[in-house]
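Several structures are given next for inspection.
The two complexes that follow have chain A in common; it is paired with chain B in the first and with chain C in the second.
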Partner chain A sequence: METLRNTFDFSDFPRIDLMVAGFVAIFLVVFPLVPHSSFAMATMIQFLMFSLYGMGWNTIGGYGGQVDLGKAQYVGIGAYTTAVMLIRWDVPFWFSMPIGVCLAVGWSFIIGYPLFRLTGHYFAIATIATSLVLKDIFEVWDFVGAARGLEISPIKYSPPDFLRLIFKEDIYYYYIILGFFFLGILYVNWFRKSRLGFQLRSIKDNEEVAQSLGINVHWAKIKTYAIATAFVSLVGSFHACYIKNIEPEDTMSLDLSILIALMAMLGGAGSLWGPIIGAGVLIPLKSYLKEWLGAKAGLVGIDLIFYSLIIMVVSAAEPRGIWGIVEKIRRRKQV
Partner chain B sequence: MDILVSSLAAGILIGMVLALMALGLTIIFGVMDIVNFAHGEFLMIGMYAGLLTAQSTGMDPILTLPVAAAVGFLLGVICYFGFVKFLLRGPMVAQLLGTFGLMLFLRNLALLVFGSEDKGLHHGILVGKSFDVGMGVIIPATKLAAAGLSVLAFLAVWILMNRTKIGKALTATALDGQGARYMGIPTERMNALAWGIGGTSVTVAGALLVNFWSVNPFVGILFTMIAFAIVALGGFGSVPGAFFAGLVVGIITEIPGIWDFFTYTFNFEWMANVPMTSFKYMWVYLAYFVIMVVRPRGLFGWKH
Partner chain C sequence: MALLEVHNLTKDFDGLRANDDISFTLDQGELVGLIGPNGAGKTTLFNCISGLHPVTSGRIIFDGQEITQLKPYEVARRGLARTFQVYVASGDLTVEENVMVGCFMRTRSRAQAKARAREILTDLRLSDLADYLMSELPVSAQKRVTMATALGSDPKLLLLDEVAAGLNPSEIDEIMTSIKHVHDDLGVTVMLIEHVMELVMKVSHRVVVLDYGKKIAEGEPAKVAKDPLVIKAYLGERYVREHAEELK
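Showing the complex of A and B:
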C-alpha cells in the first residue's frame, strides 16, 4: 500500500511542473487522433522509445552517477531474444519479452559484478568494451543471423496481431509504447523515493561516506544496473517487433549506447523529467535534421555535424542539461 | 612455423605504430585526467593529412610527417582552447560526452569533406619493396619504416618528457595542478601543450599508418578502442608502459595468424572452423576488460 501510494505520489514537484507534465501527457494520448504525417508518427514512437531508454540509464547514470556507455548490448539481447523466439519457435512478444529481460538482467549480473569494482572513466570505458565484445560475437553467430541480422516478415502473420505485436499501422505500436512509457515514469517515480534510490544518491555524493553508513555499495550498484538493464532490454524487444529488421550494427553499436546516455544527460541526469526532455529535444531534432539536410546530395553527414555541435555546446556550457538551466532560473527567481 | 614468426613480426611492427598512437592518449590522460574519445579521429585526420600531402605534392609518403605533426599540434591546441578547457569545469559525465561530441563532429566533418570511400597510398619509394628475413618471413618495407620511425618519435617524446624543463613542468602539472601553479608553472599552457604533444604523436602515427592501411572517415573508433586498451594495459599516464603495452596489443591483433599456426601444426579440426579473423579486434576489447578488472593500475601505472 505504501509502495502504491509512493508510486502515484508526485506531490514533491512544484505545481507548474505537474501542470506541464499533465498537458504533455494529454497531448501524447490524443496525438494519434489529430492529423499527422507518418514521419511525425515514427518520430513520436522513437521519442517514446528513447525516453524509456533514457529513464533506464537515468537510474544508474543519473541517480547513481555511474556513467554506463554500454547499454546497447542489452538492447541487442532484448531485441534478439524476441526476434529469434518469434522466427524460430513462434513465441509471442508478451512471452519472449520477459525472457529477454531475464537474459539481459542475468548477463548484467555476470558482467556487473567485475565491472563495478571500477569507478569513473575506467568503468565507462570497460562498459564500452563489454558491449563491443558482445556485438562482435553476434556479428559472427549464425544462429542469430550473423552480420546480416534477422528479419521478421509480417506476411506470415495476420495483422493486427496483438500477441506477437505485428501491426500494419503505427498507431498500435504508439499506444503500446505509450503504455510502457507511463509505467516507466511511475516506476522511476517510485524508485527515486525507494530505499535503493536514496542509497544510490548517497553513493553518488560520496562513496566512502555511503559505505561507512552501512550501505553495501557494490551490491546497490549492481541491483540498479539490473533495473536499468530491464528497462533497456524491454524497449529492445519492442524495437524488434516495431522495426522488424535487426542487425548488430544498429541494435548494439556504440553510437546507440552513447545516444541513450545523451538523452538523460542533455535533459538533466538525476531528475525524473530529464530523460523525457532530452529525448523530446534530441529525437525530433535528429530526425528532422536528417530529413532536411541529410537527403541533399553532397551534404552527407551535415545533420550529424549540427547534432554533435549541440552535444559539445551542452556539455561545455551547461553539463547539468536543460533541467539544470530550468532549476537555475528558478533559484534566481526565489532569491 | 613461418606463419607464427611472421604473425609475431607483423604484430610487433604494427604494435610500435599503435604504441605511438596510444602515447598521445596517455599523455593527455596523465596530465589532466580526461579521456579523449576523439583520439581515433585525430589519427584519422593524421592519416588524411599524410595522404593528401603525399598525393598533392607528389612527395614520398615518408616525408609528409612534418606536415602531419604540424596539423596534429594545431588540432590539439585548438581543441584544448576552443573546447576542452570548458569541459574541465564540468563533471566527468560531461567530459565523456563532450569528447564524444568532438569525435562525432570530426568524423562527420571528414565525411563531408573527404567522402566515405576508402583511400590508400600506392606510391613512394618503399611501396612494393620487402625484406626476406629467412624462414619464409617477408616484411614489407613500409611497415618496417613505419615501425622504425614510430620508435624514433616515441624516443623524442620520451626525451621531451624526461630530460627537458618543459617535460618536468608537464609532470608537475600532472602530479598536482594547484601546486604547480604556485610554483609559477603556467598550467593552462601546459595543458594546451599536452594536447599539442598528444595530437602530434597521434597524427604522426596516422601518417605512418596510412602507408599500409587505407583510410575512411570511420576508422577512428577502432583505433580509439585499441588506444584505450594499450593505455589501460600500460597504466594510465605511463609513457614506457604505453610502449610495451603497444607491442603486446600489436601481437594480440595478430591472434588469428597465431591461431592458424596452431591449427595447421597440430591439425585440430575444430580450430579451423572458428571464424577467427572476424574476432580480430574482439581480443583487444576483451584484453581491455580483463586488464581493468584484474589490474586496474596496468603494468606500469602510477595513477588510479
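Showing the complex of A and C:
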C-alpha cells in the first residue's frame, strides 16, 4: 500500500516542476499525431530509449555515485537474447525480453560481486574492461552471428505484430517505448524514496558512515547495479526489434556505455528528471549534428567532440549537471 | 550487567601498536568517557569495536555475544551505533534525510522512518534544521545531526567520537544537554571520546584513559584526574591546579 503511494507520489516536487512535467508528458503523448518528419520520429524514439538507459544508470551511478561505464554489455545481452530467440525459435518479444533481463541481471551479479570490491576510478575502469571483454566474446561467437551480428528480417512476419514487436510504422514503436518510459519514471520515483534508495545516497555520501548505520554497502551496490541492468537490458531487447540489425559494435560499444553515463550526468545525476533532461539535450544534438556535419562533411566523430565539450563545460560549472544548476538557483532564492 | 566487554584488545598498523592489550567493560546504563592525548589510540579503539578495523588480537563481547569478527554493518544491526571524528558532508542529503537513513535500519517503511526521524530531531531540538543540506550547516550542528542519525538506528550503545571538538562554550552546553538527554531519558549507554575536559569530567560516571595505545587508568573522573600517570600523560599540571577545588 505504502509502496503504491510512494510510486505515484510526486508531491515533494515544486508545482512548477510538475506543471512542466505534465506539459512534456502531454507533448510526448500527442507528438505522433501532429505532422512530423520520419527523422524527428526516429530522434524521439532515441530520446525515449536513452532516457530509459539514463534512468537505469542513474540508480547506481547517480543516487549511488558509482560511475559505471560498462552498461553497454547489458544492452547487448538484452538485444541479443531477443534477436536470437526470435530468429531461431520464433519467441516473441514479451517472453524474450524478461528472459534477457534475467540473463543480464544474472550476469550483473557475477560481474558486480568482484567489481564492487573496487572503488572510485578503479571501479570505473573495471566496468569498461568487463564490457569490452563481453563485446570481444560476442564478436567471435558464431551462434550470435559473430562480428556480422544478427538481422531480423521483417518480411517473415506480418506487421503489425504486437507479440514480436515487428512494425512497419515507427508510431507503434514510439508508443511502446513511451509506455516503458512512463513506467521507468514511476519506478525511479519509488526507488528514490525506498530504503534502498536512501542507502545508496548514504553510500554516495560516505561509505564508512553508511556501514555504521547497518548498511551492507557491498550488497546494496550489487542490488542497485542489477536494477540499473534490468533497465538497460529491457531497452536493449526493444532496440533489437526496432533496429532489427544488431552487431556488437553498436549494441555493446564503449561509445554507448559512455553516452548512457553522460546522459544522466549532463542532465543531473541523482535526480529524477536529470536523465530525461540529459537525453532531451544530447540526443537531438547528436542526431542533428550527425545529419548535418558528420555524414555530409565526412568528419567522423565530430559529434563526439562537440558533446564532450558540452559535458566539460557543464561539469566545470556544476558537477551535478543541468538539474544541479536549477537546484542551486532555487536554494539560493529560498535563503 | 556488562553491555560491552573488551578483552586484551591489540591493534597494530604495520609496526605501530595503536591499541595495546586494552581491557575494560561498560555496564548497561553507564556514561563513560574515553580520554588521552592526540594519537593515543582512542579512535582506533572505536574503529575496532565497531568492526571497521579487524583487530590484531583480543575479543569484543557486546550484549552477551562475541562481535570481534563481525562486519561494521552487522555490529550496527546488533545495536551498537557510533559517530565519526571527521565527517565530510559531501552529499546532497538533507538533515532529515540523513536521520532517516539511520531509521531505515529498523524499518522498511519510509513513512515510519520519516516519523521517527522527526521525533528524534524534535527531541534533540534540531527540527529547525530539518530541511538544510548537511553541507550548509556549521560543524557544530553537523555533529549533532550525526548523533541524531546514529540514534535513528535505535542503539543500545552509542560511541561518540569528539562531538564537542571545535565548538564554543554555548555550543558545548547544547551538545552536553543532548548527550545527557540521550543517556538519561532515552536510556542509551554512552561512551564518549572527548578532549574538552570540562564536558567529559562533568558528565561521565567513569573515564578510561589511554596513552600510547595502553590503558593507563580507569575510574571516577575526580580520582582519575588526580592520578599522577594521567596528569603526566594528558591533563598537564595546569589543569589540576586550576581545578583544584572541584577535584577535591
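What we mean here is this: the second predicted complex is superposed on the first by the 328 of 335 C-alpha atoms of A that agree within 3 Å, B and C clash if a C-alpha of one lies under 4 Å from a C-alpha of the other, contacts with A are read in each partner's own complex, and residues count from 1 in each chain.
The rule we apply is simple: contacts are C-beta pairs under 8 Å (C-beta built on N, C-alpha and C of every residue); 3 or more make two chains touch, one makes a residue touch a chain.
Being a predicted model, the structure only gives us computed values, none of them experimental.
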First (chain B), second (chain C), both or neither touched by A:L28: neither
Partner chain in contact with A:I128 - chain B first, chain C second, else both or neither: first
Touching partner for A:L293 - first (chain B), second (chain C), both, neither: neither
Which superposed partner A:L186 touches (first chain B, second chain C, both, neither): neither
Residues of chain A touched, compared between chain B and chain C (which is higher): B
Touched partner set for A:R117, first chain B, second chain C, both or neither: first
Contacts of A:S315 with chain B and chain C, given as first, second, both or neither: first
Contact set on chain A toward chain C in their complex: 2, 6, 193-195, 198-199, 201-202, 204-206, 208-217, 270, 320, 331
Of chain C, residues touching chain A in the complex: 50, 52, 71-73, 76-77, 81-82, 84, 87-93, 97-98, 100-102, 104-105, 107-111, 113, 133-134, 146, 149-150, 152-153
Contact footprint of chain A on chain B as seen in their complex: 33, 35, 83, 86-87, 90-98, 100-105, 107-109, 111-112, 116, 217, 221, 225, 228-229, 232, 275, 278-279, 281-282, 285-286, 288-289, 292-293, 296
List of chain A residues in touch with chain B within their complex: 61, 65, 67, 69, 114-115, 117-118, 120-122, 124-126, 128-130, 132-133, 136-137, 139-140, 254, 258, 261-262, 265, 269, 299-302, 304-305, 307-312, 315-317, 319
